Amino acid sequence: MQEMMKARAKELLASGEVTRVIGWKKNEFDYDITPALFESAEEIDHDFVYDDFCGPNLSKFTFQHQKNDTKTLVFLKPCDSYSMTQLITEHRVNREALYLIGVPSYGKIDVEKIKADGMTGILSIKSEDGDVHVHTLYGDKTYAKYEVTSERCLNCKSKKHPIYDELMGFEGEVMENERFDEVAKLEAMTPEERFEFWRGELSRCIRCNACRNACPACTCETCIFDNPNSGVDQKAAKDTFEENMFHIIRAFHVAGRCTDCGECSRVCPQHIPLHLLNRKFIGDINKFYGTYQAGEEVGQRAPLTNFTKEDVEPDIVAKGGKV
Amino acid sequence: MHNNDKEQILRSSGVNVLKCMRCGKCSGTCPSYEEMEYHPHQFVYMVEKGEIDKLINSPSIYKCLTCFACVERCPRGVEPAKIVEAVRLIATRRQGENHLKAEDIPCVVEDDTPGQLLVSAFRKYKK
Amino acid sequence: MQKIGVFVCHCGTNIAGTVDVKAVAEALGKEPGVVFSAEYPYMCSEAGQNLIKNAIKEYGLTGIVVCSCSPRMHEATFRKTAAAAGLNSYMVEIANIREQCSWIHKDIKVATEKAIVLGRTAIAKVALNAPLTASESPVVKRALVIGGGIAGIQTALDIADAGYEVDLVEKEPTIGGKMAQIDKTFPTLDCAACILTPKMVDCAQNEKIHIYAYSEVEKVKGFVGNFTVSIKKKARFVDETKCTGCGVCTEKCPQKKTPNLFNLGLDTRSAIYIPFAQAIPKVATIDADYCNMLKNGKCGVCSKVCAAGAIDYKQQDQIIEQQYGAIVVATGFNPIKLDGYDEFAYNESPDVVTSLELERLMNAAGPNGGTLLRPSDKTHPHTIVFVQCVGSRDTTDCGKPYCSKICCMYTAKHAMLIRDKYPDTEVYVFYIDVRTPGKNFDEFYRRAVEEYGVHYIKGMVGKVMPQPDGKLLVRGADLLMNEQILINADMVVLAAAIEPDKSARPLATMLTASMDTNDFFTEAHPKLRPVESPTAGIFLSGVCQGPKDIPETVAQASACAAKVIGLLAKDKLLSNPCVAHSDENLCNGCSSCEKVCPYGAITYVDKEFRMPDRTTKIRRVASVNAAVCQGCGACTVACPSGAMDLSGFSNKQIMAEVDAICR
Amino acid sequence: MSMNEFKPKIVAFCCNWCSYAGADLAGTNRLNYPADVKIIRVPCSCRVNPLFILRAFQRGADGVILCGCHPGDCHYTTGNYYARRRMTLLFSMLDYLGIEKERTRVEWVSAAEGAKFATVMNDFVKTVTELGENKRLEDLRCKK
């Protein structure tokens, strides 16, 4: 797949149809992959990579590096293409200036899972035919791929691309998944247990803003939390409440727009399961207002800018949330 | 004493006598009207005034058929029949003890007594 | 540097009775930014306002806080005061220490403390206020009156009289409303038709009035001074411009079994019909539910006999769009359905009728040509029982909790008319209370008793029992005699409660005019603005606002017209400057705000921005049309970046209020 | 009344057209409700940003209530429909985080419902008083 992508990218660059390519780039370690902008065949040959470590969602990177006056090729995993669709709906990227190629994703590896298993001094990781070989300073170990696949990929919502100009490989389907199980587990707890759970998680937040910076839905010109005129700007936490406010409001701002790509949790250096906040909103929206998947098609009306006269009343929460 | 009786009646009947607007529809609708010394609307008014003794000593309380026509038709939701019932309960209690002890019930109940009747009797007299 | 003045009103003892106003003024005087603080017995009085004006000038105040009654009462007053002293009128905030403090608390300490918090909250807000200027919008010099009963007719005539165009929309084929169905009117016993029909003719002949009969309002957009209304003209299947109202079609129509709704279904008419002789417009209408031609294409008689060629079986509903400066609601009432009252046997016996049905039975144009006969066997009734308060003052599910106001008087009228015309008929009236407040009303009721010998019985009917011989056995209570009585009656007349017309609720939603739980329209102020809806530009005429009789309805209709004329006489309206605005530097152009805007006030423009690295970038940003925006603020919350804010209720102002309360 | 009796801080957001007028009517009718309730006037329930609610909690409020026109009666036609969705989701999230769900409430109070306004406020203050001081949102971040 990687070689096909490289070839196609070079072909499009050569023909002049696109002048820039957005893809993934390998860094010091095999598993340390970042989004990157390529402007020549040489760069592509040298750095371009597409493998089981290419987790980063390229939509946000595309948004940050978009140019109106020239065409850019972007490779999109199914996840990325939902985010891209949402960005197009919200007029945040210029569809005309993009050439989108959908690529399949067979589940990305979560290096943190390997590290959590006690592996240190990792030199390289190779994923081959369902096995993941880890080579470290202290010895080697092989995992079955599913053991180290990221949570979001194990609970993949869709292998379909809602938007593309060209597709490489086979188009997948919207998947049956259990992604709301964890939310349901929390919901089934007593308020005290939930409180303890979240206190444990949110207490670790260091306000590095990585979640916000990686989130393809967080594309505000200036985030209200950075804007000194908003009245709620927070450079450093003045009191214990501020991170709570940040996470609740951030989740609220992306509610109905979040495609559940899971970047927030992936990038969190403190491993806070932030996606569980977003999934709560997604689950509630599905339950209260009918199933809705953000980024499914261009021009959708988000649930929070919509209503029906028969909507549930807010006291449904007090009544236990059953519709 | 009277006040206690009044409160007891208001509590056990759950009726707010102040809702009555004196239209008389209860008495206009009562099938036992002619038999009664005090009529449904008077029950409501006399309880409001605290004249409970007069009611307790009147045979009227046993002339009410508990048909609930007055309850059904009252435009203000006052429920006079429940007042009558509550006055009867006061009368019962004044006699000193219950008519029946719980342990005596099995002897007086016939085999073919419908269970539903027993349940509604308990419900009625539990107050 | 803020220089804020605080003015604490005693409102006589209304505030000073439970709030230590001196302590409030003193405490608020110490708040940051406050340079002047005073209290006064009546801040809204001229002397009180002068106090404010002088302080503004003397201390060069940049904002003022008046601690007084609700801003709904005097915000406008104090804004004018500020403006008169040269301070922008939007640099004024009101702390509501009367309705929301002194009147609800008894303890002076508690009320004083709360008043101080409310005061400092207003201070925190006013410190962030910005001067605002109202913009102007033009007024369309045309009024819409919805409902063609006596209320709508009177309002339309008065507005037209002042020289403005009026459109009168009526959902029935003719204007006239309930009054057209009534026989005589109390307390003078005038013939209703004799006084109503000349007004109907005036309407038809007035050049300024355009009648849309058999039409309904479909959609309302816009705001005071500039509403756009879609009116659906329902298909009559008769060309209004050709029909001469000769009535030949109604005679020749073979389908005579159509219920006559004008006579409340007491008799039948033809499928093509003119509701009554004096109908305006006098044009035939085909009842599509009964016409054989429209149902199965077999007939066409009316088309053949119509000399004017007016019949058009293919006619379609038509939508008319028109601009108005003001809208009058005059949707009127109906008697309630009596299905919940089995005890009165209304559905069981045709001889149990409602009072409105009795009007038709007694009317010369009614089913019996004016002779009162029992509907069942067309015999002369000798004993008639009237039951008052059927469904009125009834807190159960089938009734209405309010007094319908008109029943006591029309029942006395019916009783009197029957005794006058048929002295051999005994008339009994069961009443709970007889309510006759009105000029010559009680005298009228007493005449029924004293001169006409109507038997008034204090009590209520419990049950009406139809007998095999066709009689109606009425059982009721006579509370004064303390006895139950049985009356063997020939007819029973029920004074059914009245309720707002069913079309009122959806109309209220279209107009965004508020209603109470009984579906009566809410007035802007129950005492001081009784003919206006709280929604600007919407006015209330007649029973849609609350039960009333004809003289009251006409009085209110004219009052309503005066208010409309007052509005239409203006060339321009000052619009509320508390509207949304978008900070282009923050706007993402994501369209969330546009989707929640109920007025379509938000559009997008591509704009060039200078970037920090000296390049330029074209971005899509929101732009608010201030004339269209009504200032609800829905967009401000839909906006994730905080670009959208609302003047007068900005994010910072509201958060400052929150902070001040929680301090 | 003991000196230590807990008096909650309650912020009530009321829409200008219905609920604020309803609160005024409660005053006109002299219907008592606790002084702990302080009202902030907003043009419409849809003006209330979840930020304001969190801000109130951040600054020490013990309960926040939002009052608007009944659905279908909004002065701006649709404002309260949006407010209804926003608040439903926000409240559900707070509940999810383990914050007592009784501390937040939405009530529809019309301009004619002065009595309802007083009843609602009495009830809400009672509920919040029983819950006691609001600690959880502040504590959420500090694992003890």
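When the chains are written out, they are named A, B, C and D in that same order, and each has its own residue count from 1.
To be clear about the criterion, a contact is a pair of C-beta atoms (placed from the backbone, for glycine too) under 8 Å apart; a residue touches a chain by one contact, two chains touch by 3 or more.
This one's a predicted model, so the numbers in the text were calculated from it and none came from an experiment.
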| item | value |
| --- | --- |
| More contacts between chains, A-C or B-C | B-C |
| Farthest chain (mean CA position) relative to chain B | A |
| Averaged-CA centre spacing for the pair chain C and chain B, given as whole angstrom | 45 |
| Centre-of-Cα separation between chain C and chain A, whole angstrom | 53 |
| Centroid distance [mean C-alpha coordinates] between chain D and chain C, Å | 30 |
| Rounded Å distance between chain A and chain D, as computed from the means of their C-alpha atoms | 35 |
| In chain C, residues with contacts to at least two other chains | 596, 638, 651, 655 |
| Shared interface positions of chain D, touching two or more other chains | 50-51, 55, 72, 78, 82, 86 |
| Touch relationships between chains, expressed as pairs | A-C, A-D, B-C, C-D |
| Contacting residues of chain D [partner chain A, same complex] | 50-51, 54-55, 57-58, 71-72, 78, 81-82, 84-102, 105-106, 136-143 |
| In the complex, chain D residues that touch chain C | 9, 11, 17-18, 20-21, 23-24, 26-28, 30-33, 35, 38-44, 46-52, 55-56, 59-61, 69, 72-79, 82, 86, 110-113, 118 |
| In the complex with chain C, residue positions of chain A that touch it | 68, 90-92, 219-224, 227, 229-232, 253-254, 301-302, 304-306 |
| Touching residues on chain C, where the partner in the complex is chain B | 343, 389, 393-396, 399, 430, 432, 458-463, 475-479, 482, 484 |
| Interfacial residue positions of chain C with respect to chain D in the complex | 70-72, 96, 98-101, 103-106, 110-111, 113-114, 117-118, 121, 508-509, 512, 514-517, 522, 534-535, 578, 596, 598, 630-634, 636-638, 646, 649, 651, 654-655, 657-659, 661-663 |
